[in-house]
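Presented sequentially are two complexes of chain A, the first with chain B as partner and the second with chain C.
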Partner chain A sequence: MSATTTDNPPLLEIRDLTIEFATRAGPVQAVRQVSLGIRKGETVGIVGESGSGKSVTSYAVMRILDRAGRIAAGSIGFSGIDLPGLPEREMRDLRGREISMIFQNPRAALNPIRAVGRQIEDVLIRHAQATRATTRARAIEMLEQVRIARPEERYHAYPFELSGGMCQRIVIALALACGPQLLIADEPTTGLDVTTQKTVMELVTELTRARGMSTLLITHDLGLAAAYCDRVVVMERGRVVEDAPAQQIFRAPQHPYTRRLLRATPRPGARLPDLLPEGEAPPVEAPEATPGPVLLDVINLVKEFPRAGSGGLGSWLRRGPALPPARAVDGISFQIRRGESVGLVGESGCGKSTTSMMVMRLLERTSGSIQFDGQEIGAIAPRDVTRSALRRRIQMVFQDPTDSLNPRYTAGRAIADPILRLGELRGAGLEDRCRELARLVGLPEALLGRFPHQLSGGQKARVGIARAIALNPELVVLDEPTAALDVSVQAVVLNLLQDLKLRLGMSYLFVSHDLHVVKLLCDRVIVMRQGRIVEQGPTGQVLNQPAADYTRALLAAAPAAP
Partner chain B sequence: MRTVALRLAGAIPALIGVILATFVLTRVLPGDTASYFAGPTASAESIAQIRAELGLDRPLPEQFLRYVTALSHGDLGMSLTTGQPVLDDLAARLPASAELTLSALLLAMAVAIPLGILAAVKQGSLADHACRILVTGGVSLPVFFTGLLLVYVFYFLLGWSPAPLGRLDAFASAPPTVTGFFLVDSLLIGDTETFRAALAQMVLPVCTLSLFALAPIARISRASMLAVLGSDFVRTARASGLSPRAVILTYGFRNAMLPVLTTLGMVFSFLLGANVLVEKVFAWPGVGSYAVEALIASDFAPVQGFVLAMAILYVLLNLAIDLLYGLVDPRARMAA
Partner chain C sequence: MSATQASPSAFAASLRHARHVVTGNAVTGLAFAMFFLFLLCAAFGPLIAPYDPLASNTAIALQPPSWAHPFGTDQLGRDILSRVVVAARLDMTVAIASVALVFALGGLAGVAAGFFGGWTDRVVGRIADTIMAFPLFVLAMGIVAALGNTVTNIVIATAIVNFPLYARLARAEAAIRREAGFVLAARLTGNSELRILLTQILPNILPIMAVQVSLTMGYAILNAAGLSFIGLGVRPPTPEWGIMVAEGASFIVSGEWWVALFPGLALMLAVFCFNLLGDGLRDIVDPQRRS
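Showing the complex of A and B:
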């Protein structure tokens, strides 16, 4: 399959591409002298962290850069055509017919108020791939090819009626409808569940192979690139730092940045300190944790949500039999001991976030018991929890480090917030405590006066963690704390969490969809599916010898860097 | 169909609130109906007699009960100023106001939506600047001022438009009433001369009102079109090679219209308020001027009737907008 023969000329050839963005501070080069080529039938991955210029490069190929961006230098050749010099009218003929693109966040990538079948037709008609008479049959045929069940029915569906994975298949159908030669996939599976990710990627691979197409896969996920690419291009801050066949990149990375990226990627067999750059491993080796007495005891916890359309005036007038409520969490029981970290894993909709919200008492449980340190806390109304002594002892780190910080609070104010609300420290004592917390999480003191938009993603994550530990809580609920971070930042944050846990003796409830991450940080794992616990036990046992088929499926679907 | 019934049922509490509020408001306002109608020279006894006749000497709850009982029979009471039942007065004058307001709304939409879209598509262009000037002008000039200005320029100075004295000039006769809209009724009988005369009378007041309504519609159109053009699905449409026309109309415009639709309901209610002033300036025989005169005369029944009629109109218009919204947006259909 891999097309490495030298007599195969590149289909797409980018040479010395430089892209500038006009900003208020003058032009900024987002991409600098990037050169890469894709041969016919080849799958090339561009890998890099946020801000590396990987997406911008692909937008330049499609010439859909936004108004501020322009190609400052270099050339993009596509089967002999110079793309930057092409008149817009001819470029439009190429888009969708010769080169097409699939995107991140598939539901937003589709017109929300147009039936998906019609959207496929729009493209078919635009590129004269079908006449008015045949277009509908062609659109349904495309839906069939991307394995949409009941395509005639789904032709009329709107994006909001379909799952994320199905929406991505529609986007793939749109992209492949006119039989292009090159497919650019920009983070096509980010935000999708691992099992969905696997089916989507397999579908893309199968369809593009069958058509002899070339693919440019843009991803931050080294594991994904390793699994699906023939060749990998590593980008850092607008430059290509390494370009080599996939196996070679993973077996013998040449550039220091590639080595650092590979190190930071959670992978089978790696331990937390292994993720940090060489020479930066924490000085103290983590001693084996000895869990203490039970801190949190959850027994038969249930959360039901009323179905949409039931309740209120509507159901009263409808007078039909009431729909049974949906069970988001269906009678689960588990324990967390002092000093222990427990991972809660599962795919979206499995009830893991609902469970963590109930433990945090942000959400009212339907039935069951939540005992914290021997005290029943399930009965306290969420409204009263904020005032109870309990709030100091259970704190939370939220998923999005940006959205969970008040944009009008400085980092210092954000960290001081829980102390101001629940603690006694004021004045100089409070300032000292904030500085101490900043030191604990490795946030330079100079940054305490900055606002969230002046901080990087990793720094914001540290602020969120410092805020959560400000009151010396006994249990910290971490809801996907690293999902929005680049891998190198994730590596640092995970190590920080581990370090804090050992030093302060906290317990963690770590909610995540990423099995590799859970494996690194957690002593025990709970696997959830459709509101129930499928399997729970020590991390090593659950992830190495899973008892449940579902756990095995999850493990198999998660792509891993070799 | 059930959605419509549900929505109408949902409006009932609001209408009850309106009835109660207007009743209380008219009663607490300064001014005594009986002494106003008795005249400045009337004696205390004759005032008391009028008050008894009108039932104004009864306790407020009883007055309210009588009002509500009459209302349930469709009786809005009598106007003391015109001596006619309020229902008849409103029925005769509402079409004049509705014709004016709806025409102004349609004109404003016809100008503001394309302008807003153009301003968004060609950001920083001449159209964008024109849009900004019009929007700023529209909100900063009060309606009675633009009205008088237009009359001064187009009637007094240029003589292009007829005297601002109502719906038709003194020599023309109104077309037979079918809808009550002169433009529609005159066309129904094929009377182009009356049509032209009615149209000529309408041009200035409609322009005055629509200038006022332009600003919010153009602003929202521009802002929502900008948001839609920056969205992911427009990027997908571009990346699929769709023509700019298809991208802007099929993908951009229809999505951008959703917030505009919502705004229309609000703009309409602004227009109902502005209407009162415009009717005064152009001597338009509509419900707005009717209600203002009644209010000045402490004539409660017409004021209550007017507010209730406006409330019902507003409910119906919002219902129409929501139904339209459901047609455009499948997600709203699901929620309903």
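Showing the complex of A and C:
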């Protein structure tokens, strides 16, 4: 694959591409003088953090920039055709037949009210790749190729009946149906579980290689690029800063930004301070962990959800016994000691978030016991929790920093909220405390008057953390606090969390899907699957000598930068 | 709080933002200009009007538009321009009062229905369904006829007729935000359910409600004028656009078109202006647009 000969002319050649967006403050260049080429059969990755212009570049190739964006300079050549100059009619023929694209959210990319088989047929018919008589067979063949089990049956399925990984496979089938020469995959596995990510990426690699196709993989994940690309292009703020064979990028990164990005990526063997850029002060050195008395004791916790359609008129009309309720959390027990951080790891739907919501008393438990500092809190109804004395002692940092901040509160007001409701400080004392909290989480004081949409993702995450620690809680539940953040921001936030924990003596329940991240911050790990605990123990032991097959599969599926 | 310290500059920023919205879009600018013209008429109508809107002079009855009477005169010789200008106050008052009433009641009921669900939702939903089951204008007629022929009752009737629109919109928007991260966060930071409803949910659906306000404002004016047109509500000789159109209608056949045209035009422009205002209003109250 990397043995592509030099005389092989590029299939796609982008030269000095500059893309401008018209905004209120005048034109903004999202992409500046970007040049890159993809040869036939080559897989090229564009890696960069949010705002680096990697997606915009691919939209320009497909000519699907939104109305405010335009190509200001440069050229895009596709096997000799000048794409920006092509009439829209011809471009429409090209899309799907010669160049096709996979998007980040497979569910959003599929028409929700049309059977998936019909959607594949639509593409085939649009590009005259099949006649009415043969489309059905062709569509089923495509489903087979993307390894959908029982393709004849699934032909009639609607997107909502399929899992996220299966939807992405359908999208891949759509993209490859007409045998294009170039596939653009824009964050194709973001939002999918690691094991699903692995199967999807392997499928893409296998199918494209078999057809001799070229692939442009756009991702924020260096590990993913390392595992599946021949060549990697690193972009920063609209510019290409490095373009080299994958192995070389990881072994001998040239540009300082690439080096910073590599450093910030959680990888085997790295410790938390290793993630920060060189020369930056590491947090307080972790003293030898001395777990205190048990703070949180969860015993045989169960959460059942009624199945859809049970109860009400539906069950009354239906014959036969009612379906048993679904068990999202199926009798789990664990402990968190004072000053300890415990990671709760698992894939989507394993019950980890449900568990954290029950600990937070945002969700009623079905049975089992939750003891906090020796006191049974499981019986407190979610609606009474606001008034209980407990509220000050357990707090939470939410997954999505944007969604968890009221768009109409300034950062300062959001941080002050818990103190106003549950604390005693008012007036000048409150202002001082907010400033102190901002300092503690590294949020510039000047930003306290801003609204969430005026803050970056990392700044919003800091506001969320400051709000959670405002009342000096004893236990903080962190629900994927870095999942929505860029790696470099994630590195800083993880270090901040570690620093705060050591300084303030809090305990963490860290909920995450990413074992590499959990390893950095946690003393102990609990691995969950389908509502049950598969394995738990000290972090080093679980990650280095996993006892359960599932833990081993999780570890193997996570792509890591070499 | 640092937010309160920064309030003078925040106010200046709001003004700057409002100016940007008004000047950035010609249509919005036009709508706001028309809106201020109507407000001016409503506030200072009797002072601006060149003649007494009630003074009749049969010597100059049914005169076509001229320099002395730009909109002409009606069958009693009253100046139509003066009557159109003075009528603005009554029509705007009815529209604004009824919309304010339904905004408060329908909005709160809808938000509560969407947020609490359960019985609150069912009760509010069924009330809205019941109102929707009637032809709305006929319902408004019925309410005014039953309650009595007064301006207050026109306001109440118009508000009731608009209730489902507000309640349903607010319900849907509140239901979307019920499980949002910031609502859960507010619950964890010790906010009571009622406080979450008022400080977290309600302010965030105001932008959407604002658009609804301006749309129904136009409808409220039409509704009030329509009731007067068929003889309910305002009585002659009070100047009111609906009555004036009704009175002028009989003269169109005989060629005196101006009697009905000008009040009708004022009515049309007012409705048009409120509909255009919706988009601009949304841009002003939505913090997301402020960057």
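Rule of thumb we're sticking to: the second predicted complex is superposed on the first by the 553 of 562 C-alpha atoms of A that agree within 3 Å, B and C clash if a C-alpha of one lies under 4 Å from a C-alpha of the other, contacts with A are read in each partner's own complex, and residues count from 1 in each chain.
Here, a contact is a pair of C-beta atoms (placed from the backbone, for glycine too) under 8 Å apart; a residue touches a chain by one contact, two chains touch by 3 or more.
All figures in this text were calculated on a predicted structure; none of them were measured in a lab.
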item: Partner chain in contact with A:D122 - chain B first, chain C second, else both or neither; value: first
item: Partner chain(s) touched by A:D400 [first = chain B, second = chain C, both, neither]; value: second
item: First (chain B), second (chain C), both or neither touched by A:F305; value: neither
item: Contacts of A:L174 with chain B and chain C, given as first, second, both or neither; value: first
item: Touch list for chain B against partner chain A, complex; value: 2, 6, 9-10, 123, 230-233, 235-243, 246, 250-251, 254-255, 258, 328-331, 334
item: Residues of chain A touching chain C in the complex; value: 24, 360, 362, 383, 385-387, 391-392, 395-396, 398-400, 403-408, 410, 412-413, 416-418, 421-422, 430-431, 434-435, 445, 448-449, 451, 453-454, 464, 467, 470
item: Interfacial residue positions of chain A with respect to chain B in the complex; value: 62, 64, 66-67, 92-97, 100-101, 103, 105, 108-114, 122-123, 126-127, 158, 160-161, 171, 174-175, 313-314, 317
item: Complex interface listing, chain C residues touching chain A; value: 1-3, 5-6, 10, 20, 24, 180-182, 184-193, 199-200, 203-204, 287-288, 290-291
